[in-house]
Amino acid sequence: MPDNKISNAKSSLISRLNRIEGQIRGIRNMIEDDKYCVDVFIQVAAAKSALNSVSALLMESHIKRCVKKAIDSGHGEEVLDELTEVMKKYFK
Amino acid sequence: MPDNKISNAKSSLISRLNRIEGQIRGIRNMIEDDKYCVDVFIQVAAAKSALNSVSALLMESHIKRCVKKAIDSGHGEEVLDELTEVMKKYFK
Amino acid sequence: MPDNKISNAKSSLISRLNRIEGQIRGIRNMIEDDKYCVDVFIQVAAAKSALNSVSALLMESHIKRCVKKAIDSGHGEEVLDELTEVMKKYFK
Amino acid sequence: MPDNKISNAKSSLISRLNRIEGQIRGIRNMIEDDKYCVDVFIQVAAAKSALNSVSALLMESHIKRCVKKAIDSGHGEEVLDELTEVMKKYFK
């Protein structure tokens, strides 16, 4: 079962995104209920930090799966150029 | 109707959060459908950027409403200390 | 000596910036000596994090000094509008 | 001259870092001269953004040079694991 690790990443990503969806809904409710802005602001920061973990997980699974697979099948060049472009956009 | 501007910010925040909730759900669907990681990654970056606009709007409405009101009623010191703490955490 | 705290912030900022200047020079030397990119990258991240602390300190001293002083002298409105603009740019 | 591109990246990095060093020194001078915090804050943001371009350039040259070379010489696995770790730290 070599796919085990992949499906682990997938299910971890899905459960994180479910939680984030709940956080976003919670933030909207706070605004509807006129909660104190600073408390809302802190929840938005928490949601952003949760999205950062999703980015990290996605990048990890991309490099460990797609990039390695592309290299093994002789398409390393393309996938590395693509990774470079994504990283460059991200750091700007 | 001095509350007009406030309710503008509120309804803008709510519609942004609704859109972000949709983005998060879309990202989860992309993962469930095994979409290409790089495409998912770019959507996560877009959601983070949308959350940044929410932070900016919240901060604007906090300073323009709560901070000014607190100052007018003689509680400026407390609300500015609180703002300092929030900013310090945010920049770290 | 009510200025003590102010000059503390100032000297702390100056010594942090001296250290950051040294970090930047160290990074340039690493590049001149063809050091391994990943090691250089990590040093750049450290310098950015040090600059974040400078931002935090500056914001703290701005709110605690300038904003409070402006409010006391009746120019609160302007200085808070300015703070809002800075924050909005920063979160975008 | 296959090294042309490499030395281009190197000289671009060095001139950027020289400029950043100047920015940092300018910021320190602003603080020594008690310049207005908001103006200093904006210069710090500019220096951070310049450091982000350095990160982007470093990452590009790392992927285009080191990662590709490591793959060609059969050490792809290690260098990709390392890249994953760096990215994960960065996004957290």
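Letters are used for the chains, namely A, B, C and D, taken in the order the chains are written, and counting of residues starts over at 1 for each.
In this section, contacts are C-beta pairs under 8 Å (C-beta built on N, C-alpha and C of every residue); 3 or more make two chains touch, one makes a residue touch a chain.
Quick caveat: nothing in here was measured; it's all calculated off a predicted structure.
Student: Interface overlap for chain C and chain D, more than half of numbers shared or less than half: same or different?
Tutor: same
Student: Hey, how far is the Cα centre of chain A from the one of chain D, in Å?
Tutor: For chain A versus chain D, the centre distance works out to 23 Å.
Student: Distance from the CA centroid of chain A to that of chain C, rounded to the nearest Å?
Tutor: Averaging C-alpha atoms per chain gives centres 29 Å apart.
Student: Quick check: how many Å separate the C-alpha centres of chain C and chain D?
Tutor: Here chain C and chain D have centroids separated by 19 Å.
Student: What are the residues of chain D that contact at least two other chains?
Tutor: Answer for chain D, listing residues that touch two or more other chains: 52, 55, 59, 83, 90.
Student: Using the contact definition from the top, classify how the chains connect: line, ring, star, complete or other.
Tutor: It is a ring, because the chains touch in a row that closes back on itself.
Student: If you go through all the chains, which pairs of them touch?
Tutor: A-B, A-D, B-C, C-D
Student: With touch defined as at the start, can you tell me which chain C residues reach chain B in the complex?
Tutor: Within the complex, chain C touches chain B at residues 52-53, 55-56, 59-60, 63-64, 67-68, 71, 76-77, 80-81, 83-84, 87-88, 90-92.
Student: State the interface residues of chain C toward chain D in the complex, per the touch definition above.
Tutor: 10, 13-14, 17-18, 20-21, 24-25, 27-28, 31-32, 34, 36-38, 40-42, 44-45, 47-48, 51-52, 54-55, 58-59, 61-62, 65-66, 82-83, 86, 89-90
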